[in-house]
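Structures incoming, each one as structure tokens.
Same chain, two partners: subunit A is paired with subunit B first, then with subunit C.
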Partner chain A sequence: MIEVVDVSKVYGPTPEEQVVALQGVSLSIKQGEFVSLIGASGCGKTTLLKILDGLIRPSQGRVEIDGNLVTGPGPDRAVVFQDFALMPWANVIENVAFGLSVRGVPKRERMDISAEHIAQVGLVGFETKNPGQLSGGMQQRVGLARALAVKPQILLMDEPFGSLDAQTRHLMQEDLLGMLEEENLTVVFVTHDMDEAVYLSDRVAIMSPRPGRVVEVLDVDLPESGSAEGRRSPEFLELTNYIWEKLRDAVRQQEEMSA
Partner chain B sequence: MRHHLREIFTRYSMIVGLIPLVILFELVGRSGYTIAIPRLAEVVDGLETAAQRTDLVALIGTSLQSLFIGYILGVVVGTIVGAAIGLNRTAEEIFGVYVNMLIGAPIAAFVPLIIALFGLGQASIIITVFAFTGIVVTVNSMTGVRSVDSSLLEMAKSLGASRRATLSRIVLPSALPFWLAGLKMGMNRAFAGLVLGEILVAIVGIGGLIIFAGSSFRMGELWALIGIVVLMSLMFASVIGGLQRRFTSWSISTERS
Partner chain C sequence: MPRKSVLSRPLPTADRAAGVGDGNRHRLRWSLGTRTFLLRAIVPVAVLASWQLYSVVLSPSLFTPPPIEVFTALLRLPFEPGFLEAAGGTLLALAYGFGLAVLLGIPAGLIAGRVRLLGAIAGGYVALLLTIPMASLVPVIIVLFGIGLEARVAVVFAFALPLLVGDVMAGASSVPRGLLEMGRSFGCGRWQLGRRVIFPAALPEIFAGLRLSAARAVIGMVVAELIVISSGLGGMVTVFLARYQMDKAYAITFVFLIISGLLVGFVQYLESRFLKWRSSEEGAVHAAM
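Let's turn to the complex of A and B:
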């Protein structure tokens, strides 16, 4: 259970130059839930994700996980980064094993665990390739395997497919659900893609920019949720349309206010 | 056949590329247009005379000794100072100003001062090589440790890596391509420092021979000696080039000319 309580984040050295990235965000996420944070750029969704991981401290408010206050990164959480964040000098298995290795897992054991997760993300045969030799989609599979290898309870994904082409993104979305099926993970997924959010999530938190805040949390309760067929159902389209209208209103209001 | 020729050309492009220059050199040499450009045969003769008159091998040995002592000192000090400046704010405040001053300054201007301080001998030459090498290595080490991708640092922090693990597993590997490039440039600078120091001290090493041959207008000898220096410089730089290919083939962002 993740509890985000009245979290605000203000950047900037002096009061005049301050930018409010997040204002009064509250959200609770249940164990095993897949929640997307969706919004236009500047809505603070990545900031919120990094606050959940403990990489950024909130200016106000707090995050609790199972009743424990988050003060920094912890072994119960792992991040999948937008730009993959792979070490270009290390091969696939070394990248996947990185988290285990800095946590002192013995070599033999971390190689076994890494091999297992490389198989899980479908990269068998690429263990000794370097990131530069892999496509973007494959690189993000490495990023996902690295996160899963440390056995987190919460997976934090920061626009993980944002830099991939449309076809690869589609494929990664379908594969992700399969890969996570047996993991019983809580997933927080940052995206600006409405279709992606509805397809993957149990709930979607719609955020609006400047100051970043959650305007609505939507239950995704579709009959064929997470299937390719469900993606073409009228209910699916209705939901993505609704999110679009919400986002559009938020962006419009913002533009009118600043005009 | 044509394909084959192209392959040979690519493989030995550096040597093939020199052919027009060599031909031009010989043509100018034969024309007798200037005393500065002799015929190639005179250059070969010059090598022989230089070898006969002095113990050329021993002199080259002395030069290489100065080169390596100065170079290694420069690499060690440059790496430590550069990495310290790049990683530590206090070190930056202490050393930064000197490094910035020396980057822009012509080190050659300091050589007479070095000679005044350390005398007309090998010590001055070693210090000159050290100064020439040290600056380049410092700057590249500094740039290297600062070049680390911030998202990799974030990744390491998120996975719970200690400061030490982050340094050894993320920062140092990121710095390696820059550091090796610095080592290579440092080698070229080391030769510049060596020859300059020896010319100014004028009694030791291959630089001493160069100034002696030049001032007595023995052009064949002079060109032969220049050739030796250039060849040695290229040889050592290509050894470092080999290290670059071996250890930093993953990096395409840094220059490795």
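Let's turn to the complex of A and C:
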């Protein structure tokens, strides 16, 4: 469904100052798949996600969705942001209805659809609250409801649970899987947490920085996750350890660079 | 016999702390709001009292009418022939001048805040116009516009505009990038982004700018009145001075103060209505954590 063909992204005015955020990335994502992009900071995973959404144009290469070239954001894709990106001046239901409103959906319809998705993410009763009155986990649920409300085919999630504490994060991961059972979405999920990647995904694309590229794509062949025990099974640990081995050197290098 | 330690004293209950019960029963417990108001009122009351003392007892003179006389003159002012006309003219100049500044300044500031090149140019002018004493430009304005309503409108406009544009620019250029990305990802074009994300996000700064430039507009109005003395309230001041009716002349000063208070108060009222979400943020975020 999604074809990433030899995508490169370079920043910088002159060759000396250039940063190669992505180099020669190719990836195929099937319909209905849950694919994680994992890697140390600077590996280009967020850049790749933005290119998939059409927010950034690649310097080279292209992205095709069902054969159509991606040139900008579109109704088939929706993003969930790490910092929630909610409008503080609007309440929950207005935030959820945002994408629909931009598209010109009439008010009655937008409010009905939004109410549905607010219930789906478990925020009934909070429709008239402002984001400032909600906890981090609740705010991200609003972000999720907003993305689901526009009925995308592809959900692009940029470290959505990165700002949440570990307990809330676990809960959100379980809830996300639960929600996705009902939908037929293709999900591209950026994270730096191996546990999260293995828990949620069908496949994990391990990325490496300088230059940003995909090093390996793992198949996650675990029995249907959704239980706490699933996170501790030998197969789970094997996978997460393998990913960590691949990432460790890159992460250490990043540490040393920023020290 | 060991002395009683601090630990064995009875813990202060909320009642005792509030001064309710036992010996504190008869002490009045005013709310924080009341106490603040009373403390704030001390200064003006002291000023008025010393003024009264000075002009009645210490140095009575034609030129220092006591506040009571000024106050009564103020109350009688609406019945003074020509006052309503003059006040109307002055307020018209304020309304046109400030209104024009708002109608032009907000869109200009929004655009300059988002288009880097325009922002760089505008920013320079704004900084310059804010540092020079605007009153020094009034003679130039009079040369250009004469001494009628147009000149007074131009003066008010010149006083109000730079600050407003500066604040609107600051608001528009500091919209969080995440929100802009979010808007674009959900399909906002340039105009939609401006209307749905940039403008509401910049609104707090815009209101701050409106409050301050409203005050500056009134200053401009007063300056215009006092320099362009042919009509309006400034003209009345001249007439009163010529007739040695000092109490009435001073009363006009208070009229200016009242106008200022009303305009800024109105802007603040609008601000509290449109920015309700700000107060709900501060308190409740911590409660929800």
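Operating definition for what follows: the second predicted complex is superposed on the first by the 246 of 259 C-alpha atoms of A that agree within 3 Å, B and C clash if a C-alpha of one lies under 4 Å from a C-alpha of the other, contacts with A are read in each partner's own complex, and residues count from 1 in each chain.
To be clear about the criterion, contacts are C-beta pairs under 8 Å (C-beta built on N, C-alpha and C of every residue); 3 or more make two chains touch, one makes a residue touch a chain.
Everything numeric here is computed off the predicted structure, so don't read it as measured data.
**Student:** Report clash or fit for the pair subunit B and subunit C bound to subunit A in the combined superposed model.
**Tutor:** Because the two structures are overlaid on the shared chain, the partners are seen to clash.
**Student:** On the A-aligned overlay, A:Asn241 touches which partner chain: subunit B = first, subunit C = second, or both, or neither?
**Tutor:** neither
**Student:** Which partner does A:Ala78 reach: the first (subunit B), the second (subunit C), both, or neither?
**Tutor:** Both: A:Ala78 reaches subunit B and subunit C.
**Student:** For A:Ser28 in the superposed arrangement: first (subunit B), second (subunit C), both or neither?
**Tutor:** Neither subunit B nor subunit C is touched by A:Ser28.
**Student:** Regarding the shared-chain residue A:Met138, is it in contact with subunit B (first), subunit C (second), both, or neither?
**Tutor:** A:Met138: touches subunit C, not subunit B.
**Student:** Under the contact rule defined above, give the subunit A residues that sit at the interface with subunit B and also at the interface with subunit C.
**Tutor:** 53, 55, 73-75, 77-79, 81, 83, 85, 87-90, 98-99, 101-103, 130, 132, 146, 150
**Student:** Once bound in the complex, which stretches of subunit B touch subunit A?
**Tutor:** 149, 151-152, 154-162, 165, 169-170, 173, 176, 248, 250-252
**Student:** Please name which positions on subunit C make contact with subunit A in the complex.
**Tutor:** Interface residues on the subunit C side: 176, 178-179, 181-188, 192, 196-197, 200-201, 203, 275, 277, 280-282, 284-285, 287-289.
**Student:** How about subunit A: which of its residues touch subunit C in the complex?
**Tutor:** 50, 53, 55, 73-75, 77-79, 81, 83, 85, 87-90, 98-99, 101-103, 130, 132-135, 138, 146, 150
**Student:** Taking the complex as given, what residues does subunit A use to touch subunit B?
**Tutor:** 53, 55, 73-75, 77-79, 81, 83, 85, 87-90, 98-99, 101-103, 130, 132, 146, 150
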